[in-house]
Structures are given as structure tokens and as C-alpha cells.
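Multiple structures are listed underneath, in C-alpha cells.
In the two complexes that follow, chain A is the common piece, with chain B as its partner first and chain C second.
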Partner chain A sequence: MNKREYTIALAGNPNTGKSTLFNVLTGLRQHTGNWPGKTVVHAEGFFTYKNEEYRIIDLPGTYSLYSNSADEEVARDFIIFSKPDVTLVVLDATALERNLNLALQVLEMTDRVIICLNLMDEAKKKGIVIDIANLSKKLGVPVVPLAARNKEGIEELLETVARMVHGEINTTPLVVSYSRAIEEKIAKLLPLVKEVVGEEYPARWVALRLLDGDTSLLHALQHHPHHFLKEGATYACHCAKSV
Partner chain B sequence: MRATVPNPFDELMEHAKRLADGDTREQIVASIFQTSRQICQETVTYTKQEKRYETEKLDRIFTSKIWGFPIMLAMLAVVIYITIAGANVPSSLLAEFFGWLEGYITLLFQQLHAPSWLHGILVLGLYRGTTWVVSVMLPPMAIFFPIFALLENYGYLPRVAFNMDRLFKKSGAHGKQSLTMAMGFGCNAAAIMSTRIIESPRERMLAILTNNFVPCNGRWPTLILLASLFMAAGYTGGWKTFATASVVVAMVVFGIIVTLTVSWILSKTALRGVPTHYTLELPPYRRPKIWDTIVRSTLDKSVYVLKRAVTVAAPAGVLTWVLANIHVGDTTVLAYSAQLLDPFARQLGLDGYILLAFILGLPANEIVVPILLMGYLSTGALIEVDGLQSLKQIFLDHGWTWLTALNMMLFSLLHYPCGTTLVNIYKETKSKKWTFLSFAIPTAIAIVVTFTTAHLVQWLGLL
Partner chain C sequence: MTEAKLARLSDAQPGERFRIAKINIEGTMKRRLLDLGFVPGCEVTVLQKSPLGDPTAYRVSHTTIALRKEESDHIYGERIDNE
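Coming up: the complex of A and B.
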């Protein structure tokens, strides 16, 4: 058996406990704080679960992935080009509605997503009850409740990650439906997108980004062939360049 | 190699451009928001209505137009008060302990008949330099960082940014600059990286160029030390600490005023433009895990800063000692350099040794005071330094007044960023010009301000 290392990306809004979860998983001591924008540069760590190696990348916390700023671009490029085996989207259970916006965007980019509903302890204190099963059904991906700072739910998360990397979980990510005008444009653009960028990238999402006038994405697609950044370190340079 | 045949990517882009209209982004975002709302309506229930708006209620106080600023200043004052009040005793104890230990080390050297230059380098240079850093810096850091981290984890700092936002907007800068500025209170080098959260290059540059005007880890101890030695001389007990804290708070406020002024001037001249809109999220207040936070911030941050200080201070200590003991003619290299700088430094209300310490301290602000002390100590008879009073005596012996201390504090607050920060600025801007400016602007301001202060005080006959 050849052993391979699985890559996990950690995405989420700022200040949802991403870094806390990262520290719990890797045993590293990255500084965390109740402070949006703490993780501007990515952090990388490793852990082993059931004799398998995982590499985990803590992406900058962002509210969207529309490449408004350097950190959003870093997060976006990593998910698109490095194609992590699993992307964990960390959501603040006490502010689910606001946090879901990012999750929906990630679901447009990849189907290998696990939603980490963090800060469940806070939510409980505030009397917020979330129907996890229903949420998971609606989003079409696993949802794992967590209280990362108390190390609650970590075992279930690791188990879900392991099952996902082994292809034991089928996901059917929610497809956000847009206004009719936009849907028509997507339909028009889709064949051409597939032809030009190939099947490797999520065509619907690429089409949306193009309609949004996102030129930086197309440049990235053009100049970085498919093997782009499997090794990880170079995407930081790409980001610095585009600033 | 890429051929230059009509590019399918360009074609695709063209095609998309023809289809797109102005408000595509709004439509996309609206649909996403609507989907999120719908999902939440079907999956989330609130059982405690009264808890739902707790954060909003607190925000009404902390970000209130009337109370926002007074609360901020009061918080800062309290944090610094606690730091100063708490750090005094352990600082003296540590200094005494190291002084006591030094006696034995010296004895050991004598027993071994070690040459005096070796004793000089290792004990008077290396040992004294590093123990000074430890005893002067460790206690305030071990108090300041945990309190700061508690406020940070509670969620107060983003409110500071929110309060400051209006001021930054008015000065033509980005509101998020208040966040990167707050980050600068920890470390300017890290704050430079954090300016990545600012989208517009113009406003990002403003944030980079002005970040240095808030004191970082390396400069807090200098400010606190000098304030407590010289600024509160007329007071005793609790009032003394209070006066010291007020001076430090005033320094911070002054630094912020300079930040805003420089931002304003630059946004009217070299970096002209209109501030862009943005949304600043105010995270919910969360009760921090108190012990976790205290232990982690003490261990992580204090040890990190200390390690950095010691690794830089140790070689700097050796270098300073060497410079102080290599003779050119009848004077040492150190004394010669200090004399060379002296006339200029006097104009700034400083002296040659202080300026030299700032220059040699370029790699890290943490080592400016230790270098200065080593410089002073190398000139005359070596004094046993134990406790803060003898420290003050060293300064007084070299002609210090409260004005010297004030000017050194101002210079420390305003002068060029440390080496690490400059390297980061270059990495982030990829521009030699802007890196140079981020060195030159603060330095010029530091010179002008200290010059003015020194001459104004003399002219008014206050001294």
C-alpha cells in the first residue's frame, strides 16, 4: 500500500475559531484571538489519525471569496488550485446566517466540504438551537457540531474527515439559484468555460466569477497550469504579487 | 513557451464581458444572502430571546458616541496602571538577583584567573546586557500581554477599531487601518502583514507608512521605564504610578494623533484619493477562557519577545562592549562615535550615546535601553546596578533631566521602524522607494518633534 498524505483546508469567516480548531488538531500553538483578521498569513500543520497522515492549512479568515483583497484571493486560490482533499468550513453557530454566506460560496467551488459548526457551547448558552440533521440535508454535506476550545466534537470531525477522504461520503452540495437573468447567462457561458478551462475546475463557479468581471481568476487559471501549487508554498508569492 | 495565437482565455473573457452588466455582483450576493436566510429560518430556533441582543446592548455602551472614547482611554489607562504598579517590585527583585549572581560569576572568573577582557565580554557585555533586558522587560510584559489578550479575546478590540473608524475616514485613510494600528501595539512587523486586510493599495500604503507611530512590544518597556523614572518624580505611592500611567497614555494618544495627521497629509499629497467603503464586523462578546488566555499569552508572547530580545541583545551586548574597549588614540570607538553624534543629538534634547543606542538598536527596539546602559557604564567607573534607583542614578550622572527622558520617549515613539519591520515592508510593497519613505518619514518627524520640544522648553525657561 502506498501511503499518501491528505490535504485539508480550513476556511471560515474571521473570528469563528478556525485557529483554535487548527491548534487543537495539530497541537501547534498558533496565537488565537477574538479579532477578525488574526490569521493573515496561512499556517500549516500536520496530524495523524488512524495511522494516516494529514496536512492541514489554516486559510485566512474571510467573509467572501470574491477576491476583494489579498487574503480572499489566497483562500480562493488554495481551494481552487490546490484542490484539498477536504475543505472544512468553520461556522460560528451563534451567527449562523451571516456565516453561511461563505459556506455557500465554498460549496460552489468544491463538493468535498465538511461544515464545522463551531462555538456550539456559546450557542447553547445563548439559547440558540440548531437542527443539525436538517442543516446537513439542506446543504448536502456533513455538518459536525463543535466546541473547539473545549475540544468537543473533535473525534466525530476526524472520523467524518477520514470517511470523506476515503470516498465513503457522497455529497450533493446545495446549488444556489440565482435570478433568472443570471442563470440564463450562466447557461450561455457554461459550454465555453468547460471547453477552455477543462473539467478540472468547477465550471458553474468559474462562469459566475467571469460574469462578475473577476479577471484575476482568469489570469490565475491561465498562468498556473493544473499542477499549480501542489507543494503549497508558492501561493503566498502569488498573493503578494497581486497586491 | 506560450504561442501568441488568439488566446481562448481572452475570448472567454470577452464573451463574459459582453454578457455581464453593472450589478451582477449585487445580484449574486443578494441571492446568496437570501439562501442563507432561508436555511436559517428552517433550522435555527431561539429559546432565549433576552440573550439574543446582549452583544447589541453592550455595543450601545462601548461604541457609543459619547462614552466610546472615554471608555477606551480609561481602559488603556487602567491596563498601563496595572502594568506599572505590578512590574516595579518584580523588576527590582530580578535586577537585584542578577546583580547578586554577577558578583559570584565575577568571583568565579577571578578564581580561574580568566583574562580581564574575557570577563569584560562575557560578564560586563553579554551577561549584563541580557539580564538587563530580562529584568526590565519581563515583568511589564508578563502583566501587559495577558491583560491585552483578555481584552482581545473578550472582543473589545474590534470596538476600538469601530470607534476609531470615523477619525481614520476623516483623515482620508481606510477604517480598517485602526485594526492594523491596534495590531501594531503588539508588533509593528506583524501589523505590516496584517495590512493585507485592506483592499485598496493606496489605503494599504497609508496603513503601512504610519503603523510605526504606535509603540510595539519593544518600545512599551522603554516608555514605561522612562516615564516611571523621570516623569513622576514629584509624586509618591499610588499617585506616582498614576502620573506615570498618564504620561504613557499621553504618549500613545500622541502617537495616534501623529498617525492621523500623517495619514491626512499623505492622502492629500502623495497618496491622494477617497477612502473606500467597507464593512467591519463586530464579533460577539465572548467570555474568554481566563486561565488559558493568561497562561498562553504569558508563555507565548512574553517568551517570544524575550527570546527575540535576548538573541539580539546578546550579540549587541558583545558588540557594544567591544566598541567600548577598542581604543583609537586615547578614546574608545564607542565614545568617539558618541562624541561625533553628540552635537546633533544635543539639538534634539538627547545625547550622543542615546542616539548611538537608537542606531545600534535598529535590529530590535528591545535593545536600545540595554545598549545605552552599556554605553554609559563603559565610560566611567562601573556601578553595580541593582534596582531602579541605581538605574536612575546612572542616567542622572550622565546629565539627564526630565526633558532628556521626554525626548527619548518621543524619539522612541516616532523614529524609524525596526529592521524586521522594514524587511516586512519591503516584502509587502516590493518597492524600495516606499520602504525608504517608511524609514524617512518617521525619522524626520522624530527629529522635528524632539528638536521642537527641546528648544521650546529651553526657550520657555522651563528647565
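Coming up: the complex of A and C.
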């Protein structure tokens, strides 16, 4: 019997309850330190669900994955290079509009996403009603309501995670469409990006980052030579400039 | 409304409400301000200035965010009168 360990990443805005959820899931089985070469805290823990082993990483809380602070680079690089089996995006149910910015960014990077609508107890107190089925339909990924501090919703979340790692959930992440000018440039870049990065990285997302002149991403790609040839990154960058 | 009539967020005082019209800068700083929730059309409430006058705390999209003057200087809009 070959047993494998699944990797779960926790992403979300600051103060949405990621660490609270992390602690509920892992109990005391956690390890903290720094991310290699960064002054950003790295917390990793383990749990077992239905006889299967999971490793969970508590990513730094960020409003975005594009503004290039050390926190944002850590979160982005983990999602792109470590390719977690599932990324849990923890949203504050009382500030959905703000929190969806990051959720949409993550949906551009991976389709293995579960949205955790946390602080549902607070939302209820404030009279906020969320149509969860409709939100899930629009985003194209499962949405699970939680009140992590009260340990509410954990069983449904674990069940959804287990089904996702076993390939039992088909997701269709919402594709954000941009202006016509940008979409035309994406269309031109896509074949080039696919040629260079193959199936390894989400091509549309890489094309968008190139068009945005995201030098931090290029730098990161160049330092992952096993996945992405140095020349490839430079070449793709060159192409992005010329479209 | 013409640009000349727009006020800077950095000139708004604690207690005042402000509606963002545009972010007058490009690149990383613009991206950062948008990601923090300073999006055109959004309402911002000025909460308080730190003792030295900088940074200032703002309430925007259900969250408190502090900006330095060099950031809030680029956010233009109109003050909202309290009726």
C-alpha cells in the first residue's frame, strides 16, 4: 500500500483566522521557523483525517500576491512552486468584497482551491446573509462556511479537502476577463509561455505577470532552474516586452 | 468633476468621509493602494493621525488601513458632506 502525504496551504487576508484554523486542524503538532532567507514566519503542522496524512502550511496574511512584499512573495512562491494539493483561501465573511480580491488572484494560479468563509458567527451577528451555493457557483470552487474559533464547520471542511485530494471534485475557477487590449496581448503570449513553461505553471497567469512587468516573479522563476530554464524566463520576458 | 477640483486624501481630516475618484500614480504603488482597498468609487473614513501626523489610519471596505502621506498624496477624490 503506498501512502502519501497531502499538502494544504492556508492563504488569506491578514486577520481572517488562518492561524486559528491552523491550530484547530493541527492541535499542537506544529513547527515554526523562518522561510529560507526571509524574515517571514513559517508555520507548518500535521494532521490525520480518515487515516490519511496531511501537512498544512500557514502562509502569511496578505491583501494581494502582486505587490511584492516579502510576505506576498512567500505566499505566491509557495502556491506556484510547491503546488499544494489544496489551497484553502480563508475569507472574512464580514468583509467579503475586500477579501475576494485575493481569492480571485489565487483562482488565477490554481484550480485546487477551497474557499473558507470564516467568521460566520460575526457575519450572523451583523445580519449579513451570504448565498453560499451561489458564491460557490460563481467562483467555480467549493465554499465552506466556518467559525474557526468555535470549531464550527471543520468536519465539512475536512470532508471537502479529502474529496478534493482524491480528485472527486471538479472545479471551474472563475476566469477574470480583462480589457480587449490586454486579452489580445495574453492571446499572443500564451503559446510562447506554454512553449517555455509547458504544463508546469498556469500559463495565463504567467502571461499576465509578464505583461505586468512583474520582475519579482521573473527573478523567482530564474531561481527555480529545475522547473524553468533561465534562458526561458529571459526569452519570455523579451517576448512580453515586444507584444 | 474636473481634476482640478479634486481633493487629496492626505488633506482630509479625522472624522471626514471621502470618496475616491482616482489614483494618480502608476506602477507598484498604485497596485498596492488598489490591493489595500483604495479603489475608485470607494468611500473612506479618516480615523486618526498618529501623534507625529504620519501615518494616518483610514477605514476602507470594512478594514482599518494606515497610509503614509507619500501614499495618500496620490489618492484624489471628493469630501462627502455629512448630512
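Heads up, the rule we're going with is that the second predicted complex is superposed on the first by the 211 of 243 C-alpha atoms of A that agree within 3 Å, B and C clash if a C-alpha of one lies under 4 Å from a C-alpha of the other, contacts with A are read in each partner's own complex, and residues count from 1 in each chain.
Following the convention adopted for this analysis, a contact is a pair of C-beta atoms (placed from the backbone, for glycine too) under 8 Å apart; a residue touches a chain by one contact, two chains touch by 3 or more.
Just so we're clear, the structure is a prediction, and the values are computed from it rather than from any experiment.
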| item | value |
| --- | --- |
| Superposition on chain A - do chain B and chain C clash or fit | clash |
| Touching partner for A:N101 - first (chain B), second (chain C), both, neither | both |
| Superposition-derived comparison: chain B or chain C, residues of chain A touched | B |
| A:Y66 touches, of chain B and chain C: first, second, both or neither? | both |
| Touched partner set for A:I130, first chain B, second chain C, both or neither | first |
| First, second, both or neither for A:T172, with chain B first and chain C second | neither |
| Overlapping segment of chain B (options 276-284, 384-392 or 402-410) - the one that collides with chain C in the superposed model | 276-284 |
| Doubly contacted chain A residues - partners chain C and chain B | 13, 63-64, 66, 68, 92, 94-95, 97-98, 101 |
| Chain C-touching residues of chain A, taken from the complex the two chains share | 13, 63-64, 66-68, 92, 94-95, 97-98, 101 |
| Chain B residues touching chain A - in the complex, by the definition given at the top | 7-9, 11-13, 15-17, 19-20, 24-25, 27-29, 31-33, 35-37, 39-40, 42-49, 51-52, 54, 149, 152-155, 157-158, 176, 179, 193-194, 196-199, 201, 204, 279-281, 283-284, 286, 288-289, 292, 296, 300-301, 427-428, 430 |
| Residues on chain C engaged by chain A in the complex (per definition of touch) | 28, 31-32, 35-37, 61-63 |
| Chain B-touching residues of chain A, taken from the complex the two chains share | 13-15, 29, 31-37, 40-41, 60, 63-64, 66, 68-71, 92, 94-98, 100-101, 104-105, 119, 122, 125-131, 134-135, 138-139, 149, 174, 176-179, 181-182, 185, 188-189, 192-193, 195-197, 207-208, 210-213, 215, 218, 221-222, 240, 243 |
